Every structure is written in structure tokens, then in C-alpha cells.
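The same chain A turns up in both complexes below, where it pairs with chain B and then with chain C.
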Partner chain A sequence: MSATATIKLVLPMRKMQPESRAFVYGMIGVPLLLFAALIGCYGRASGDALAWLAARSGMLLTGTPSSGLAGGFCANIVMSLAAMCVSLCTGMLLCIGTIANTRMVRLIASGILNLLRNTPWLIALYAMLYLLPFYVAVFGTVIPFSPFVKAVVGLSLPVTANVAEAMRGGIEAIPSGQWESARALGYRKNQILRYIVLPQAIPLLMPNMMTVYAGLFIGTSLAVVTGTSDVLSVANTITASDGSRYATAAQLYVLLLFFLFSFPIATLSRRLERQMREKS
Partner chain B sequence: MNVIRQQAPLIELIDVHKAFDGTEVLKGVSMQVRKGETACIIGPSGSGKSTLLRCLNGLIPVDSGAIRVGSFAVEQLKRDRDLVPLRHQVSMVFQQYNLFPHRTVLENIMMAPLQVLRQPRDEVRKRALDLLARVRLTGKESAYPAQLSGGQQQRVAIARALAMQPAIILFDEVTAALDPEMVSEVLAVIRDLSRDGMTCVLVTHEMRFAEEVADVVFFTDRGTIVESGAPADIFHAPCDERLRSFLGKVLAPTAA
Partner chain C sequence: MSLDFTWLADPLYQTWLLRGIGTTVAMCVCAIVLMFIFGIVGAAVIYFRVPLLETLTTIVVELLRNTPPLVQLFVLYFTLSELGLSVRSLATGQQIPVFSGFTCVVLSLALYNGGIAVEIVRSGLHAVPDATVDAARSLGYSRLRTFWHIQLPMAMRLSTVPMTNNIVSLIKTSSQAAFVAVADVMYYATQITLENFRNFEVMLVVWGCYLALASFASTVAGRVGRAMRIPGYGV
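What follows is the complex of A and B.
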């Protein structure tokens, strides 16, 4: 490849935003790096490893050879979305608890916050495995706690604390004058939060919330301990059945999947953050 | 027949004390403002002027003493819910405007009457448009606060305070953050209000304006009201030594 061709490739990138450039480099560089690692491991057998990966790719993505989205990498995505929805609700409640008027409520909420924030994710997941029953009966209706539900609950616990912290940061970023003038107009505390502070805080806390989500998504790989059919347990199963020869290839492929999903989120959050800095 | 009622003060403070973390900011303040009067509070910074103002609408709870505003015993109102009727009666305008940046000018004015007082939208909207005309900002209804100059924002803040249909408005150094050329447009609005008989309490550094609009002037220093009286007496025949030295300092630059 000639030097001029390289310059032609690089020149348009100069005009791009810093994150977009990092994004392009990352999206090309990291897969290349993983590919190089694969070649390094398998040498001449790389072609076979790739062929095996291509054949098993569907299993890793969806958990089943046929169509269906109940397992594999799709399960990780669904799990992370479910846990994020749960954490957004519980995190908001916890955050409101930490700024409540009643001293007792504040103490309890910050106690829970600190407990959850300092719980290792893996321990939260194991705890769900042993603490949650297999099912609960509510008014005669049996609700089963599948490994998937246990994983979602277990992941939601530490993330609740992260969400609450991110929200508190956003709320505290709103100047005290907003509170004061709202109070002078007769607004009560929960009305101030609802009508004045939260609408201004939500755009501010978006980047942090996306970082929390990216962390949560990566954390779904730990859900393998609950016995749910996430991408890692599928990878383990197929390497066990096909022989451990391609275990490294499978792990590299899983790594690539995680990267391809969370890197754009991280890039977007960095970009939002910069835009906000420029605006203010 | 209304003589007695008119003479009863609308605002009355009796021996009000307030300390922040052990530092006494108000050391026994007593004052009275009658209905329709414009009262100016002047004094060096850190003398407790802003704290005094915030005690009147319950933004700052006091340690001891009595505060009567209309029929309210402000020092006895503790809960947010009990304070709502008082805030309906007493509006406030701040030094930093404190408009809500995520809402348009018209929404800023209409929000509290709709969401706090639960008044009908049509009525509130009509009043808001009238108020915008009164502060000479017709045409800016759908602008956002960040698109306005400081003087314009402060006039919106005054319209927002008036939208609550208060009996009293408190002004906390409302021109202190403004560029000099915008001060007069804000003062003009306050002057109109004062002439229309609104009860106003101003904390201000604009001595000439205070002299012009005030019915009564209070001079505070180190947490007490050192001297009070008609503006002519306060500005031209001050008795207290501290007031004389304060006036000497603040009036000297404009005289030069």
C-alpha cells in the first residue's frame, strides 16, 4: 500500500470528533488484535478454528442451533436490559431515600446503598442462587424463579447502588438556587424533584447512566454461575462436547462479542459528556 | 373606619434570632412594614440582610422570636405543606434570577400557579400574558431563559413572582448581578409596582433608588437594625456613626 493511499485514508479522520476517531480505530484494531491472537494460538490450524467458529456462531449467539433468542449472547443482552430496568426503578427509590427529609429514612437508605455498592457482583449472584427459592406461590399462582430471574435479581443489586449514586450526582449538580426559588413559589420537596430538578438532572446523568449500563453488560458474563444459558455457559457446553481444542477460539469470540456491544455504548457516553461540557 | 386596620403592620418581626453553626447572624431584629409600603433594607455585606428577607417567607427557619406576615405566624410553620399558603402571599425575586432553564418564559410564569395553586390554565395564561406585557417582554413568551439578557431574565422572574398574586414581594439584591445598563429597566418595573401600592421589601445596594422609592429604610449592621426611618432622615440626617460611615463609603464613588 502506498503512502498516498494511507494519507487519503487518514485525512478524513482528522476532521472527525475525537471519540469518533477512537471508535473507528477501536472497532478495527481490537478485532484485528483478537484475530492475531487466534492466529498466534492456532498457527496453521487457524483455518479450521475459524470454520468451527463459523459453524458454532449461531449457538453462541442465540443458545440454540435453530432460530430463537432465549440463550447465548442474546440472553446476555436481554438480561442486561431487564436488570437495567429493575435497577433504574430501585435505584431511583434508593436515591430519593438518601435525600429524604426524615433522618431515619436517610440513614436506612444510605446503609442499603453502602451495603449494595460494596457487594462484589459474583457474591450477589451466588447469594441469589442460595437465598432465592425455586418458586414462590402468590395467592395460589406459582411464580418460578428461573436461573435467568435469579441472574437478573443478582445483577440488579449492585447496579441499583450505582444507579442511585449516578442519580444523586445529577441531582446535586442542579444549583441550590433552583431549589430555593421553587420553594419560594410554594413547591414541596417531591414536586421540586418532579417538576424542576429531575427534568434538568436527567440529561446530565445520561453519560454516567450509560457507563453503569456498560459495566452491567460486561457483568452479565458472571451470570454463568446461576446456571442460566448465557453465552459463556453455551461456550463451555459446546467446547465440552466438541473437545477442548477450540476452547481458546470460543473465548476469543465471546470477548469480541462483548467488545462489539459495549464499546459503542462507551463511545456514545463519552461523546455525550463532551457535548455537555461544551454546552456549559 | 379602616384607619386601625391600615395602621396595623402587614409584616412584623419581634426580637428574631438566627444562628448558623453557632455564628449569630440575626441578633434580635424587630421591624414593621405596613400594607402598601415599600421598605428598603440596606447595610454592609454579611450584616444579615438576605437572611432577614428569607425569614419572612419561611425559607430560613428562625431560632427564636416572632414573625407575623398578614395572618401567618411564620415561626410556627414547620412543614412544607403549611408553608404553601404563606408562599402564595409572599413572593420572592432573587439576585441570580433562578429561572427554570428547561422551561420557556411563559411556562416559567405559569408553572407555579398551575402546579402549586391548581388554578385553571386559561385564567393563568391570560394573567401570565398580562404580566409579560407589564414587565415589557411581550413577544418573548416562547424564549428560553438562556436566550435572554440578565435584565430580561430578572423581569421574567418578577413576572413569575407576580403570577402568584402575592400581597408582598421580597427583592433580594435583584440588580446586583446585572450589567449597569440593565439595572434601570429592572428598577423601572419595581418602581411601577411600588407606585401601584404593592407591599415590597427590598434588600438593595442602589442607594439612590432606595431613597426614591422607599417609605421606610432599615439599616442593618452585624445582625441588628441599627437605625430605621424615612429615607430623607436615613440618607440626609443619619444619627448612628456606623450608618454615617457606611453611607460615606457607598455614596462616595457616585459623588465623585
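What follows is the complex of A and C.
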């Protein structure tokens, strides 16, 4: 053990971690690949396409030509964060349901879990689009449901199932001896969960949670059906107004944006997972 | 709120739904076959460390796994038509693209889930014990034959569970074909909602269709996995 540690100290950069290598490859290779695709598509006119992209990239990133972060790619990020918060809460409830003592609750919770897991995201979004009202009146105050809220609710439905599964995996990874000894010490079930199991399980389920979040972020591209001003609908609007000549360039740029955001998260989660495997 | 399913009795809507399900199934079957081919070829290229191709495959797989399949579909759809891959019809004189929407969707599904399949097959290959590979080599199998006859069959058996998840994800992702006007079940569902405004009920029916398809696929995959299992290997 000490021998390998010293070797690692002496040769810190000789052998890169597999994830770092893949990260460098991806971060350099993918933009090059997309650039090559752009040049292959436009040939001589690729300079014009790049200039057009540079002029329009602010619009794609924020949704407005002036300052403001209400639309475009920023909307996708905000939407994914909001949906993740919602589905963390609902997923935790669902997960507690699947390990409950009562058999009925367990059955219902795992039924809901299976239903949600097999739902296509697009259908969840469409259903929320028509199921949720345009506003609700609570004690006289009117709360409007914007397309943004509908998209968040629709996205968090399938993600709830993924979160609950990841949590259950983390909780089941805690050895049963922990449960038994805590029970012998007189803890109740919810106390064991809260004070013994969850603190140990949270680091275990971090990589899976990050994978779920990366998947959710990728899924926000489907929010275009709800009519929010996300990056895809902004791209469609721009190409509709400027002529469809640069449609491919816009789509390639959107592809690059999504990649640059979600690839570091995926790499980090793989790295955490490997470190955990090596530790155990 | 009351649910009204009387529209399901209309024979026109029944034909539409059935035709849509047919298209979806055809699309999924083609995409699954292509996905396996992409996954196995990609994993083999990475495993044998083919120079240059290995780097390219790694980059493409990272690109496919970390970007939305919807945008990939749009890129394929626009790029292929942009590249001018079209033929002039002799009868009408119109330009017809070589790649129809259906082909684009099959290609994009196969690429997106094939990228995931590459990783799955690759981790399956890593799980095959070295001793088995050494034994095959010492029996006189060449590297390629070892791969084809010993490593790949075992790797596929070891990776049935993630592969099943991947197939279910492919079926769920196929619902976005309606965006490029392929007449799948989602497309006909939106057509029906445009006619009778029973949005929620139609979505429920389509949801049931996808649930049935996904459950059927995972059951079949589980059966195949159990039937192919070799005692002593795998989980």
C-alpha cells in the first residue's frame, strides 16, 4: 500500500485516470467533430454560418437579445434544477413508501414506481400540458400555471421514479447489521433512517443522483412541446425568422451547448463511482 | 372531471391507433437490430484498440450519450437533407430525399441507444474472466475467434439487465418520432386530439400502449436472458 502511494507521489502525471483521459478526448474531440460536420454541411459558406451563429448565440443562450436570463439555454438549466428539487422531494417520499412496514403501502408505492418508470417523457409532458389548469384560485388569489411550471411538473414525474430507485439502491447498500444494531439500541424505524442509514447512504447515492440529473438535463430538450421559451424553441423561432438556411448550424450549436453542460457532470459521477469502488 | 372514452369506438380512430402502433413496432425492431450492430462493432473497436478508430469511437460515443436524442434527431434530419442526398423522381420530376423521416428516426434511435450499448457491451467484455480468454488462446483460437466465439457470447449474457433497460429506453424515446412527421402512435394521437379535443383521455390510451410495449419488451428480454444463461456464469 505504501509502495503504491510513493509511486503515485513520484509519478503524478505519468498515467492519467481513465475518466480524465475520456474527459480530455471528449472536450477536445466533440467540438472538433461538430465543427467538421458544420464545414462538411456548408463548405464555402461556413464562415457566414459561423458569423450568423456568433451573432445569434446570445439569443440562444438567454432567449432575449437584451440582458435577461428568462429563456433559451438558461431556461433549460433553471427548468432542470427546479424539476430536480421537486423530484428529490417526491422521490424520497416514494422511496420511503417502497420500504414501508405496511404491505399495502409497499405495493402501492412500487406500483407507482413501475408506472412512472415506464412512462415516455414526452407523454408525461403532453399529459401535464392538458391536465393542469391554466391557473388555480386559492382563497381568492390566482396562481397562474405558466408553460414553465407545466414543463417542470411533467419532467419531474418520470424523474421521481429514477430518484426513488437511486435512493433505494443507496439504502439497500447499507449492511443490515446497521439496522439491527440500531434497533437493539432502541431506535425507531424513522429514527434509524434519519440518524443512521441516510448519513451513510447519501455519499453512496451521489454518483447515481448525478447521473439522474444529467439525464434530466438532457430530457429538458423535450420541454419544447409545452411552449416554454427553451433553447430548442428559440432555435426554431430564429431559423424561422432568418430563413432555414442555417437550421443545421443552429442545431449543431444546441448539441454542443447540451454536451458542454452535461458531459462534465457525467465524468464527475463516473469518477466518484470508481473512487467508491476502489475504497470498498 | 369525467373521462370520456366513447371516441375509442370509432373505427377510424381504431385504425389510426393500430397503424400507429404498427409503425412504432417496426421502427423499434429496426432500431434495436441496428443498435446491437452498432454496440457490438463499437465495443470491438474499443476493445481491440484499433488505432484512430478507437479515438473516434470514444468521441462519438461521448457525444451521443451526453446530448438529447431529440436534438440528434433534428441534426440528422436537417443535415442529411442539407447534404443534398436526394434523387429526382422520374415520374414527377420532384426531389425526393433518400432518407425519409422513418429512416432518420431509426438511425437516430440506433445511434443514441447504440452509444449506450457500446458502454454496456464494453463493461460486459471486461467482466469476462481473464482465465477463460487465456484458456481459449492456449487452445489455439485466434484473437478474433476468441472474441467472436468466447468473449462476446459471455459478455452479452453478463449484460442482459442493462441491455433490457436500454431497449425499454429506446421504445420510450421512439415517441419523439412524431416531431419529424413519422406516423407513429404519438403522431396519430395528436391527430385524434385535434379532432375530438379529448386530450387527456387520448394521452392515457397512448400511455397504456407504451406501457404494454415496454412491459412486453422487458418480459421477452428477461425470458431470452434466462433461456441463454449458462450455470456458473453471470448473475
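Note that the second predicted complex is superposed on the first by the 266 of 280 C-alpha atoms of A that agree within 3 Å, B and C clash if a C-alpha of one lies under 4 Å from a C-alpha of the other, contacts with A are read in each partner's own complex, and residues count from 1 in each chain.
The working rule: a contact is a pair of C-beta atoms (placed from the backbone, for glycine too) under 8 Å apart; a residue touches a chain by one contact, two chains touch by 3 or more.
Computed from a predicted model, the values in this text were never measured in an experiment.
**Student:** After the overlay on chain A, what do you see for chain B versus chain C, clash or fit?
**Tutor:** fit
**Student:** For A:Arg188 in the superposed arrangement: first (chain B), second (chain C), both or neither?
**Tutor:** It touches chain B, and chain C stays clear.
**Student:** Which holds for A:Gly140: it touches chain B only (first), chain C only (second), both, or neither?
**Tutor:** neither
**Student:** A:Gly43 in the overlay: touching chain B, chain C, both, or neither? Say first, second, both or neither.
**Tutor:** Touch partners of A:Gly43: none, neither chain B nor chain C.
**Student:** Check the contacts made with chain A and report whether chain B or chain C touches more of its residues.
**Tutor:** The partner with more contacted residues on chain A is C.
**Student:** Just to be sure I read the superposition right, which of the two partners does A:Phe259 touch: chain B = first, chain C = second, or both, or neither?
**Tutor:** second
**Student:** Would you sort A:Ala127 into first (chain B), second (chain C), both or neither based on which partner it touches?
**Tutor:** The answer is second: A:Ala127 touches chain C but not chain B.
**Student:** Contact-wise, after the overlay, does A:Ile218 reach chain B, chain C, both or neither (first, second, both, neither)?
**Tutor:** The second partner, chain C, only.
**Student:** Between chain B and chain C, what is the tightest CA to CA spacing in Å in the combined model?
**Tutor:** Chain B and chain C, overlaid via chain A, are at closest 24 Å apart by C-alpha.
**Student:** Check chain A for residues that touch chain B in one structure and chain C in the other, and list them.
**Tutor:** none
**Student:** Which residues of chain C touch chain A in their complex?
**Tutor:** 55-56, 58-60, 62-63, 65-72, 74-75, 78-79, 82-83, 168, 172-173, 175-176, 186, 199-200, 203-204, 206-207, 210-211, 214-215
**Student:** Would you tell me which residues of chain A are touching chain C in their complex?
**Tutor:** Residues 22, 25-26, 29-30, 33-34, 37, 40-41, 115, 118-123, 126-127, 129-131, 214, 218-222, 224, 232, 247-248, 251-252, 254-255, 258-259, 262-263, 266 of chain A touch chain C in their complex.
**Student:** Along chain B, where are the residues that touch chain A in the complex?
**Tutor:** 57, 59, 80-81, 83-84, 87-88, 91-92, 94, 96, 98-102, 111-112, 115-117, 157, 160, 164
**Student:** Within the complex, which stretch of chain A touches chain B?
**Tutor:** It is residues 175, 177-178, 180-189, 191, 195-196, 199-200 of chain A that touch chain B.
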